[in-house]
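Encoded as structure tokens, here's the structure I'll be asking about.
For clarity, chains are labelled A, B, C and D in written order, and residue numbers in each chain start from 1.
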């Protein structure tokens, strides 16, 4: 149940009483209070004044819901803003390959407007004998490049035991598609105070994704960015996954978190990355995460889907134009 | 096998010899000849001169392939052109309800730029007790409205036995998603000389769709428009189907037929029709087919997904702008 | 709404009154009456006496529902019984190839217990250039073989225009997976008095299948056999489709029609046909339809999934044993 | 590449040389040697004598492959054997609820033939506010019950940081469906010497599952049991997941690890657990894992799908009978 109170002070009072009664799973956002375990005013063991509205039909992921938190969440890092109506660009190589390479790639994408530099040092590979990432050395090079360029660093975490180490380097955590329901990991990043990019699982429903985000929020971290990256369907002959473009407006409707698209993993091949990225922009995404490489054929991982810096430059420009066009004509 | 000859005359000669030898399934497009049953020059029982190129890796749907027919197919009807680089708008009510209603809806969508008036008189309903369409009376009213407005009429055919009757009225046939592999029906419209809008089946792969189109082409009718309308996946809580936006660039890459999007059936609810329609435009669609209704709640069928004329007007404008923006920046 | 009356006479009276009032979509089964358009006793424009029970939560496919028709439907043909607790075996070649071949195959499967001889003379092929079946000549040979052997003939119909012709030959119609929602075809076989084997569509939900059956029932034909044959999912590398084994107990729970399994099309390769067939038997199927061929590599169609007669003999024996074991231990 | 040598000594020699040359990812099983990074004899930097066969077409998960390890892997624990041709029964409550309850449940399932007692103390719940398991206290009660009864304990691990603690209690680790590609966790259990039950991910392909098992094997732990538990498809109205019954024979064909079925999570409702379990047995499973509860309505988690002890007893008996019947008639 979500209760809208007349004003924030009323909500503060409700929280005080809830805490006094040691109620669990009660959350406040401005003048709204969300109760996970109470479904009617009568279930609450104290009186509540100045109730404007009681909302009983809401998603299980109560803190993620717009009914609890109507206005957009805006994520701010040193060099970037996501979710404020602008169009954020996160780009970089799939894997960190060397200090020079990540710096070069960072320079290129920065020139095209990217403010966040992505790159994997811990790689979730289907097969154990594939390259698994450079580990901490990669993180260092990644950090150095971001610092030199004045960009934010985004990197994937795969193991709760790595949290402290990765936290020393990165500005933003990324949770990969195969770990979207790795609840231990979600809880761990939920205890940090850094933004988390949460990729939708390959077969995760919209509700699954919101519930996964709620694991992070339940830990106290509300800096969450949701990412659509393609789902698994019956047809993957020409693209690696099926980019679920309608997930973008659906999520924007249900939740206040920013929503970005990853056209690279959805496409799986370079030539379809741009049209998917443009579609994401047209559908209302707050930004894109794109993999690039200057020599795709020599990339350590996923070269087949990497854009060259020039291709990324074109995508970045047109996607931003579409984003602005849709915004203006609203 | 597809053979590219030096010039059209060489291809003409190949066809003459193929006909003389009574080879089946041999097709010509300009200076190209496609052989379904022969996979190497040595399989052909005659000499071929001036061969420029032999292509052996191509889709089974040979006539649909860009390797056989590199340039875009452009469909022209009295009032419309589809596939020439413009953005075609097909709109109208889900079902024909009355002479007045289809005329009114036609007027509205025409003002927003639509040149093709859609509407169903034979409705493929999941349940036999649901409204099945008005039949021939609906066709008449639909025809009258199209004539009065100077629009092209598009309507669905569901039964081979109705071909002659529907052919008397319509300018363009539509094959619905549930009939995409109704091969008897595909063969039947393949014998007509009218354009066919072929909707992708709910669980049809890209190859299935191209093969379905080949049934029409095999009958001699090459005026085919392919339509993405959403596929069936594991998540249909918030949208009725999953709009497979990447199918648009994939199809544009593989085939020369125009590709349009149907955001209405993909969304299933009004509020997601526009973002899906815009995404389709951004991904390279040649147009949209959209369901509208002036009083969605009173619509005979599928009112939940109908746009009002004003909503359609906005979608039409922004989608066309996106289409033009993407084209200009190419 | 389904109403259970005290006895059949009471239900007869209700039907008389419904007919007098010209109510549409009202059906009787023994002492039960199903109303499609009325959802409460108050919606019915006459008094009803001796009401035992009013059921308002039931599937849209009212005649298919066990709530309307609690006991099993048993299908009887000259040589076979399906749905009476026995285990029916339908077998034969994918396609009719010659008079001799279908007779030989029929003999073989009859020796293994099959009483129904399947075989296609009209083949639904993905690509138009593939073998489309022998047409009426195939039907004749199929009929002759069935007559000589004292078996029932089952064959697929794909076009409403073929109904009269196929009806002259066959004992049982089959509707293929791609035509499960070819509503014109369902209506057409619904007007005949012959049993119909309705294959589940590749992406049809259980409800879709029941609604498809209702199109047949709505025409007055209640001799319906439902068939699970594998659905389309994200993984088809090792089997052609995913045999949805739980569809069998689900359907047996929801509907009174017999349910059989087609392990051949689900498997797509010979070696997995038997385990899938045995699983279907264990899950409660009323029988199996299996494709066989004496020289699988030379089969006109789908040789890769054909069992040899000896392999079918083994499957038939073990599946029947499992069926009996499960029945005895109930 | 997999090389079959004349005898084990030859294979031993190959391994010595590979080690001397510091080749990575080379594995031996009896007289076979698998090379991950070398695809032809010429790629190996030393001479190999007595080569019987070179296999270059094999799955990426080389150690899982029957081509590398032809005979069945048999898993032996103190009280159980899995994969030796018998039918293993793993049963118990979804969650550990109390010391008394798990003991009572254990007694019941042991009487029905189960030798492994399952139960979750760490629960992977979709929503963070749901009951997350009793943690270490649950493990203790679980261990006590197993010891008192002379059964093996199986429990789920969700976090690499819990490994040492859970390892103190359990006889067998379970990796849940949402963690099937939690590669850090797979590596962690791969370093232990206890059997691991690896549940197929909800949208994992067969190859994904084998690759996940390879992460465990790569760590040196070859005691792996694969589990089919239902996949995510377009239809989950009547069952929670789609039990992919053909995955069982497919896996038995591809890999030497035992394969068991979990009908409880596939069904999601009690009434379909038995037919799915029987189907798994008929399809060749080496055993079943089943959730039971004496008062399903009061179960902490997933009571809707729990069998009562009496229902389990019936399933256990019939499934074992089917297993034996299929084995005998082979």
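Basically, contacts are C-beta pairs under 8 Å (C-beta built on N, C-alpha and C of every residue); 3 or more make two chains touch, one makes a residue touch a chain.
Chain-to-protein mapping (UniProt): A, B, C, D = 3-deoxy-7-phosphoheptulonate synthase.
It should be emphasised that the depicted structure is a prediction, and the values quoted were computed from it without experimental measurement.
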{"item": "Of B-D and A-D, whichever chain pair has more C-beta contact pairs", "value": "A-D"}
{"item": "Listed pair (C-D, B-C or A-C) duplicating the A-B contact set, over half by residue number", "value": "C-D"}
{"item": "Inter-chain centre distance, chain C versus chain D - centres from mean C-alpha coordinates, in Å", "value": "37"}
{"item": "Centre distance in Å when chain A and chain D are each reduced to the mean of their C-alpha atoms", "value": "33"}
{"item": "Centre-to-centre distance between chain D and chain B (centres being mean Cα positions), rounded to whole Å", "value": "48"}
{"item": "Touching two or more other chains - residue numbers and ranges from chain B", "value": "203, 207, 232-234"}
{"item": "Chain B contact footprint on chain C (complex, rising order)", "value": "25, 36-37, 60-61, 124-129, 158-162, 178-179, 181-187, 201-203, 207-208, 211, 214-215, 218, 232"}
{"item": "Chain C contact footprint on chain D (complex, rising order)", "value": "203, 205-207, 231, 233-235, 237-239, 242-246, 248-250, 253-254, 266-267, 271-272, 275-276, 278-284, 314, 317-318, 321-322, 325-326, 329"}
{"item": "Residue ranges of chain A in contact with chain C within the complex", "value": "203, 232-234, 236"}
